[in-house]
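First subunit A sits with subunit B, and in the next complex the same chain sits with subunit C.
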Partner chain A sequence: MDEPEIKAAVKTYILNEYLPGEDPAALTDTTELMTTGILDSIAVLKVVTFLESHFGITLEPHEAVVENLNTLSAIARLVMSKKA
Partner chain B sequence: MRSPARDDISFAEIIQIVAGAQRWGVISENRIIPMNFELTPEQQTLQKAAIEFAGSELNSNVIERDARQIFSREGWQKCASFGVQGMPLPKEYGGRGAGPITTIAMMEGLGYGGSDQGLLFAINAHMWTCSIPLLKYGTPAQKEKYLPGLCDGRLIGANGASEPNAGSDIFSMQTRVTKDGSDYVLNGRKIFVTNAPVADLFVLYATVDPQLGAAGISGFVIEKGTAGLRTGERKDKMGLRTALMAEVVLENCRVPATALLGREGRGAEVFHYSMAWERACILATCLGTMRRQLERCINYARARTQFGQPIGKFQSVANRIVDMKLRYEAARLLIYKTGWLMQENKSADMDAAMAKLYVSESFVKSCLDAIQIHGGSGFMTELELEREMRDSVGSTLYSGTSEIQRNIIARGLRL
Partner chain C sequence: MTTRALHQLLDLSASRFPDKAAIEESEGDSIRYGELARLSDRVRDRLRQMGVEPGDRVGICLRKSADAVASLFGIMKAGAAYVPVDPTAPASRNAFIFRNCAVKSIIVEAQLADGLHQEFSPVCFAPESIVLDGVGAGVPLTHSLDQLDVVSPAPSTPSAVPDPARLAYILYTSGSTGQPKGVMLSHSNAACFIDWCSSVFQPNEHDRFSSHAPFHFDLSILDIYVSIKHGATLVIVEEQLGKEPARLAAWIAEKKLTVWYSAPSILSLMAQVGRLKDYDYSSLRVVLFAGEVFPIKYLKLLKLLWPHPRYFNLYGPTETNVCTFYEVPQVIPDCQTEPVPIGKACAYCEPLVVDEAGTEILPAAEGELCIAGPSVLEGYWNLPENTAKAFLPGRDNRWYRTGDIVVELPDGNYKFLGRRDRMIKKRGYRIELGEIEAALYRHPAIKEAAAVALPDDNGVSVKAFASTRNGARLSTIELKAFCAENLPLYMVPDLFCCVESLPKTSTDKVDYQKLKAMK
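Moving on to the complex of A and B:
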């Protein structure tokens, strides 16, 4: 799975779970997810669980941080590094 | 919901609407299936049995036990034998395997028939913050070991999340957990722990690093008597006095890896899950009490005469009772809708928050109304309305305060 595919899968998940009815175009690769409150602390954990089950990776507590999860781009980078 | 009324709707449009409704299953075989607000006959029977059980078995000496803060272990055991603690748990662990709606119906019955709100609150805390997270996140060995006792009354569960500096902002907790080989060592202090003085089993939360926030938290299930775990003095409190409360202090409390509840660093998820259940179900007993109070007030307003007529004939008294009725009916819809969402495995965070907020605040208002309607007698301990009022106030605080529920709802509305 390449970066655009990862981004697309995560984007669909976030749109369905946390932004239902929102214009998909409004969620870009650089939209801030954690710092703007789109994802609260529980939502972040749910995203982590989604990433683990969907991409078959394991994330440690210190990886569930803003640097890794604040944007679709950062999330895709994290997943790619885990799959490498 | 109907669309705004129009009188120019064409026959073709009606056909189209009916066809759409049939596709969505709203209309089948030309018959409109109404939304069903009734409990099933089985649920009604269970609720009636719960009312009778609570009325005959749980109401002795409540005034005295409230004054002296005495928890009824006997009442706890009777409830377990009736099936209360095990109602939502699977039969393989000794539970009844009931869904959320059936469980809510039973709890409403207990709150209607029973006046020991403290005992019912203690049972609620045990079910939603100990048994339910164990069922969802426990290992097979943990479930085998604890769930049968949590169902049959042998074990009392408690939950320690709140701390002196972490209440609403729960994920800022400071209680630390460090790893030592395969063991975990916990240090910190939990406050407001319902059931702590009588608990056999504690679900406790600690963080590997407070900087990590929610992602640093792990849940543990720890038995009473574990070295390093100590409960503090029993706390005196305004209401729910027959449910006991104390601090839990952890001083180098070493537990094996088998005590971890859920995955390391996923304790916030465990906590969130138990809160979702608690918010949805904990106020069902209060709902029952609201119904009982309403009926009591109607009877009193019909029987009590002043100025030569029943006080219910005075509009300001009648209006108060009308408001009680409205609150009860709206509260009931919110709670059962949340139960239905959970039964259907649909997201219920916002609905549970609405139910928690509305029912708790309505309960406090209705308790005050009930006292007012009974005049000076309502203020007297023997009528038990003043205790119900004291008991009600806690409901706006525990499981997240009213303000926090409003925040959850606002977030759900993406405000």
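Moving on to the complex of A and C:
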């Protein structure tokens, strides 16, 4: 699975779970997810659970941080690095 | 020992334990009691030099740190009340708070100072500031004071004479009309609670207290003052760490905390995803929670994973501090599906349950809990009408109306049933839905807005409804970003729903029940 596919899968998940009815084009690779309240702390945990189950990876506590999860791009980079 | 003024607690512990760590920060930096007391003396002297007098207010806009603790003690030593704000909240909200109570000075981090001063300039309000390059172990505060001393030395002055009736701090809480309101609390308001904690939790100088709650949140009163009164170590949970249950769970074990105090939400999350079985929590002896209902299934789970500490549910609005408490039994019966009760009144409080007319009701009937006693607030800053409405009319005693509907159980414990107004508790934060609506109304395209709280697995989520002037759909992402610019993040609604118009009742008021039922 390459980076665009990872982004697409995470984007679909976030749109369905946290932004129902939103225009998909409004959620870009650089939209800030944690610092603008799109994902609160509980939503972030659910995204982490989704990443672990969907991509078959395990995230360590120090990896589930704002630098790695604040945008779709950052999430895709994180998942790629875990799968490498 | 009876506490008279909060700032004396630090000096007393500094004389008993000068070389003991008073504050330890998340990364391990610490400051000793002797150093912390001296640093707070320097803050006092600098504030005096800047013209701060007993009875004034001084704002604090700092991340939690030794620097912040030294600052609030320094402010009280100068005889002033400290006004802490959320450094992560929008500058406009913090500037409103500082203007509202006319702070004489502000102690602020450089990265936050510009935003604040931009908000001040249009209204000719420019309190003098002590600006810190950052925070950490008191170093940036010391540096700022050194620099100010070069320009104009601040002579040493004695601390303010303890006056139990003087304001110690003002905590701003969400206001239903859209602006936060300041709860004024005196030294004696806090002191009776702190002394009660001493007798119930038996702290000593070997304890290591968590500081999870931010300093603008009233849970911090127990953390800071009970810990310092007993010469214990206050271990600061850095803001981001405090939201990440997996990392936090490991950190609590590593730091060998003995007393934990927080809202239930982070405890629920740690029970679920913290891998608590993997760590050693043998030091932990007391777990305190307050601020919202603890879902019973997660409390049971937590007690399975952390079986040995004593657990207490502490209840009370900012206006009364903690006023009832309940010790959770060692074993919660499997059949218990209801949350634990809020318990019985603390020794310094008198409870009364009244009906809508304010008349005392029979035991075992539902009614609003009112509280009288020395912990009850002085009033709301500059809001005499709100202050008057907060108390039961026509009585000698000042009975504060909590707005919480309760019932007294046969065993004498109170059970929390709900609210009589539109205030909610989410992740321990107190939120007036009206403040969220007022923020949405500031959006140029929004014609009507309403917010409701819906129960979910972790407590409640907030859903906002909006209709627009031109009928266009608004982007949820844009609305969330707009709210984040005007409200603290915890108040940003979880869900948005665009509607043609809001449903109304027969009296043309927003029909919140219908909104709650909308899919």
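As a working rule, the second predicted complex is superposed on the first by the 84 of 84 C-alpha atoms of A that agree within 3 Å, B and C clash if a C-alpha of one lies under 4 Å from a C-alpha of the other, contacts with A are read in each partner's own complex, and residues count from 1 in each chain.
Here is the rule we use: a contact is a pair of C-beta atoms (placed from the backbone, for glycine too) under 8 Å apart; a residue touches a chain by one contact, two chains touch by 3 or more.
None of the values given here were measured: they were computed from a predicted structure.
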| item | value |
| --- | --- |
| In the superposition, subunit B vs subunit C on subunit A residues touched | C |
| Subunit B versus subunit C as contact partner of A:Gly37, first or second or both or neither | both |
| Doubly contacted subunit A residues - partners subunit C and subunit B | 19, 37, 40-42, 45, 49, 61-62, 64-65 |
| In the complex with subunit B, residue positions of subunit A that touch it | 19, 37, 40-42, 44-46, 48-49, 60-62, 64-65 |
| List of subunit A residues in touch with subunit C within their complex | 18-23, 26-27, 31, 35-38, 40-43, 45, 49, 61-62, 64-66 |
| Interfacial residue positions of subunit B with respect to subunit A in the complex | 171, 208-209, 212-216, 264-266, 268-269, 272, 411, 414 |
| Of subunit C, residues touching subunit A in the complex | 240, 243-247, 249-250, 265, 269, 273, 427, 458, 473, 475-478, 480-481, 483-484, 489-490, 492, 494-495, 497-498 |
